[in-house]
Amino acid sequence: MEPLKKRTALAASWLLWLWLAAVIVGAFEYAPLAAKFIGQSSRILFFHVPMAWAAFTAFITAGVYSLRYLFGGRSQGSPRDPRHDRAARAAIELGLLFGVLATVTGAVWSRIMWGAYWNWDPRQTSIVMALIFYGAYLALRDAVEDAEKRARLAAAYAVLGLVVTPFFFFVVPRITFSLHPEPVINARGRVEMDPRMLQVLLASGAGFMALFFWLHDLRTRVLAVADRALEAAALGARPAAAANAAASSGATGPAPHLGELRAGADPATASQRTGNW
Amino acid sequence: MPPALSFAQVRRRFGRLAVLGGVSASVATGEVLLVTGRNGSGKSTLLRCLAGLLAPDSGTIDYSEDGAPMDAAARRRRIGLVAPDLAFYGELTAAENLAFFSRLRGIGRERGDELLRRLELPPDRPTAALSSGMRQRLRWAWALLHRPRLLLLDEPFQNLDAAGVAIVRRLLAEHLAPSPAAAGAPGLAVVANPVPLEIGSVAGNLDLGA
Amino acid sequence: MPAASAVSRPASTWVREAAAVFAKEWRSELRTRYALNTLALFAVNTLVVVSASLGPLGAAPGRSSETLPVLLWLILLFAAAAGLPRSFVHEEETQTATALRLAATPSALFCGKLAYALTLLAALEALVAPLFLAVMNLDVARPGLLVATLAAGGFGLAAGSTLVAAIIAQARGKGTLFAVLSFPVLLPLLLLAVELTRGAFAGGGPPGQGEQGGLGEAGVALMQLLLYDGAVTTAGLMLFPVVWNP
C-alpha cells in the first residue's frame, strides 16, 4: 500500500475509535435517561440498535456481493471474480457477529424491562431467523471442497436468502400477534425521543456502520491473503509447468500449433512434480 | 484452416494441488489432439474443462464455430463426451436411456436405434445389468447421438473387446471425415489416454507428463 | 446471463425437454419406488408417533386447533426433507448428472424436476391430510381453505426443496445439510401455512384477532403464501443454471 494511503487509513481508524469512545461516553454522560425505562437500562439502546442496523447492513452487503459474483458483468467463459465471493463471506461472518451481539443485548434488555429474556417481539424473532440463515451459509461453505463450486453454491444460497428474508419481516409480525395477543412494546420506534438521546443514537449508528465497513475491509483482505497463499502453494508445486507457462506467455501471437508444444515433457523436471500426490 | 478449438494457459487447481499448470494447444477440423500423461497429470481435468463441466481458474478456451464463440447451449449441441465416470440411468434400458436423451436434445429416435445396432447393444436390458464393456459402448452411443462436432474422448477404448474397439474406431473415422453420403460436416476430437493410442489423423500430442 | 440460454431455444422444445425430464423421473421412480416408499413410510410413522404421544383422547379440545396445524405441517416438512432431495442427490451420486449437464437446458431441467417434486408432494399430502384428520378427529370448518393451503403450501415446499436439493447435492453431508439449509428458507412458508390451516380448522380466523377473522385475514395470508411461492420459484429458475453449471 502506498504510504499516503496507509497513513490515511491509519488516521481514519484512529478517528473511528475516538468516535466510538465518544459515543460510549455520551451514552452514559450526555444522554438523559428515557422516561419509560427501568434504571439505567435505556443506555443499552445506543448499542443494541446500531448493532442490529449493522447486522442488517451486513446481510444486504452479502446479498449484493453474491449477486455481483454470480451475475456481475463478465464475458462468456471467463472465470468469476473471487473478490466478490470473499466480500460476501466476510459480510456474512460480520453479520453473524453483530447479529449475535444485537440479540444478546436485546435479550438482556428484555429481561430488565419485562422480566423475560425472550418474548417473541417481531424484531427479536426476525433477527434470529437471519442468524440461522448466516449460520446455514457458513455450514454450506464448510461442506464444499472445491473453491469455485463453494463460491458459486454459497452465492446462490445467499441470493435465495435475500429473496426469502423480506417475508420474515412482513409475515412474522402478523404471526406473532396471533400467537401472543398481548401488545408488544416497540420501544425503538414510537417512543418520543429526547433530542440528545437521538443525537447519541445516530452518532452510535454511524460509528457502528463505519466499524462494520472497516472490519469488512480487513476481513476481506485477510481472506485474499489466505487465497493467495493457497495459489502460491499450488504454483510452487509445479515449477516446471510454471516456467513453461512463463515461456509460452513470452511467445507472442496465438497458441502454438500442436505438434510443436510439449508441456512439461522434459524428463529432467518430471521428478520435481511427483511430490504432490 | 482456422483451428476449431484452441485453448491457452488453462490452469486448474484443487486446493493446494495444481492439476493443470497452464496448458495450451489447438486442434483443427478433421484432426485429433492426443493428450497423454501419467495418472493424475490432469488429462481428465483438461477434458472436463473443455466440456464445460469444470471452470478453469484462468486461461481461455475458444471453440470457433465459423469464427463465432459458442455459448453454453451451443456447446451442448456441439460436444460429445466419452469418459469413465459417465453413467446412465441403471433402471432404464439402453434404448430408454438413448430415447430420453434424444427427446432432451430434440432429435428423433432413429439415430439412437442406429447406434444401438452398430454398437451391438442389447436394447432391452436395464443398464445396471450391462457388462463394463457394454457400458462403454453405451457411452459411445450417447456421445454420438446428436452428431457433435467436437468429440472429447477420455480413455475411449477402456473395457472394450477387440470387436468393440474396431467398431468405435470406425465411428471415430466417420466422425472425423464423413463420407459424402452421410450427413454432417467433418468433426474433430481430443483423446486422452495414459499411453499413446494408434488412431488415425493424430495431428499432435500434448503430453502432460508427470 | 442465465436467461439467455433459455431464450435461445424455442419455447416448444423447452417444454418438451421439461416433459422428458418429468417422464424420466417418474419412469425411474415407478421402477424403484424409492421416493414413494420413503415418503409414505416416513409420513405414516411420524403420524403414528404423534398421535400415540398425544394419547387416546388426542390434544385437549381447546388447544387442538392451535397445536395440530403445526404438527401437520411438521410431518409434511420432515417427510419432504426425507424424500425429495433424492431427485438431485441420486443423480450426483450415481454420476448420471454429468450426462444431464451436457445434454439438458438448465431451466427446463429445473422445471421438470420441480414438476416431479410437485406431484410427489401432492401424493404425500393426499395420503397424510385425510389420515391426519381422521386420526386426530378433526372437524374442518373451512375445507376449501384447507385445500387451498395444502396446494399453495405444497407448491412452495416443493419449489424451495428442489432448489436447495440441487445445491446440497454437490456438497458433502447431504442429509443433514439439506435440513440445515432448507429450514430457514421454508420458515415463512411454514408460518403462513400453519396460520391458514389454523383458520381452516377453527373457522373463525386466527385467535387473538377478535372479530377480524374470516376470509379477509385468511385472504391476506393466502396472498402472501402465493407471493412466496412465486418468489421462490423465480429465484429457483434464475439460480438453478448457476448452481448446476460452473
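A, B and C are the chain letters, set down in written order, and residue numbers restart from 1 in every chain.
Definition applied: a residue touches a chain if its C-beta (ideal position, glycine included) is under 8 Å from a C-beta of that chain, and two chains touch if they have at least 3 such contacts.
Owing to the predicted nature of the structure, the values given are computational and were not obtained by experimental measurement.
Engineer: Could you name all chains that are in contact with chain A and with chain C at the same time?
Structural biologist: A chain counts here if it touches both chain A and chain C, which gives B.
Engineer: Tally the contacting C-beta pairs at the A-B interface and at the B-C interface, and name the larger one.
Structural biologist: Output for the comparison: A-B.
Engineer: Report the chain whose mean Cα position is at the greatest distance from that of chain B.
Structural biologist: A
Engineer: Report the inter-centroid distance (CA atoms only) between chain A and chain C in whole Å.
Structural biologist: That pair's centroid distance is 31 Å.
Engineer: With chain centres taken as the means of their Cα atoms, state the distance from chain A to chain B in Å.
Structural biologist: 43
Engineer: Roughly how far is chain B from chain C, centre to centre by C-alpha average, rounded to an integer in Å?
Structural biologist: Roughly 38 Å separates the two chain centres.
Engineer: Do you know which chain C residues sit against two or more other chains?
Structural biologist: Each of 246 in chain C touches at least two other chains.
Engineer: Among the residues of chain A, which ones contact at least 2 other chains?
Structural biologist: Expected reply: 145, 148.
Engineer: Hunt down the residues of chain B that sit against at least two other chains at once, touch-wise.
Structural biologist: Where chain B meets two or more other chains at a single residue, that happens at 54-55, 71.
Engineer: Which bits of chain A are touching chain B when the two form their complex?
Structural biologist: Touch list, chain A to chain B: 76-80, 145-148, 230-231, 233-235, 237-238, 241-242, 244-245, 248-249, 254-259, 261-266, 270, 273-274, 276-277.
Engineer: How about chain A: which of its residues touch chain C in the complex?
Structural biologist: Touch residues, chain A against chain C: 70-71, 129, 132-133, 135-136, 139-140, 143-145, 148-149, 152-153, 155-157, 159-161, 163-164, 167-168, 170-172, 174-175, 177-181.
Engineer: For the complex, give me every residue of chain B touching chain C.
Structural biologist: Checking each residue of chain B against chain C gives 51-55, 71-73, 76, 79, 81, 83, 85-92, 96, 100-101, 103-106, 142, 146.
Engineer: Quick check: in the complex, which residue numbers of chain C touch chain B?
Structural biologist: Residues 4-5, 8-9, 13, 16-17, 20-21, 23-24, 27-28, 31-32, 94-96, 98-99, 101-105, 245-246 of chain C touch chain B in their complex.
Engineer: Using the touch definition from the top, list the residues of chain C that touch chain A in their complex.
Structural biologist: 1-2, 163-164, 167-168, 170-173, 177, 180-181, 183-185, 187-188, 191-192, 195, 206-209, 220-221, 224, 227-228, 231-232, 234-235, 239, 242-243, 246
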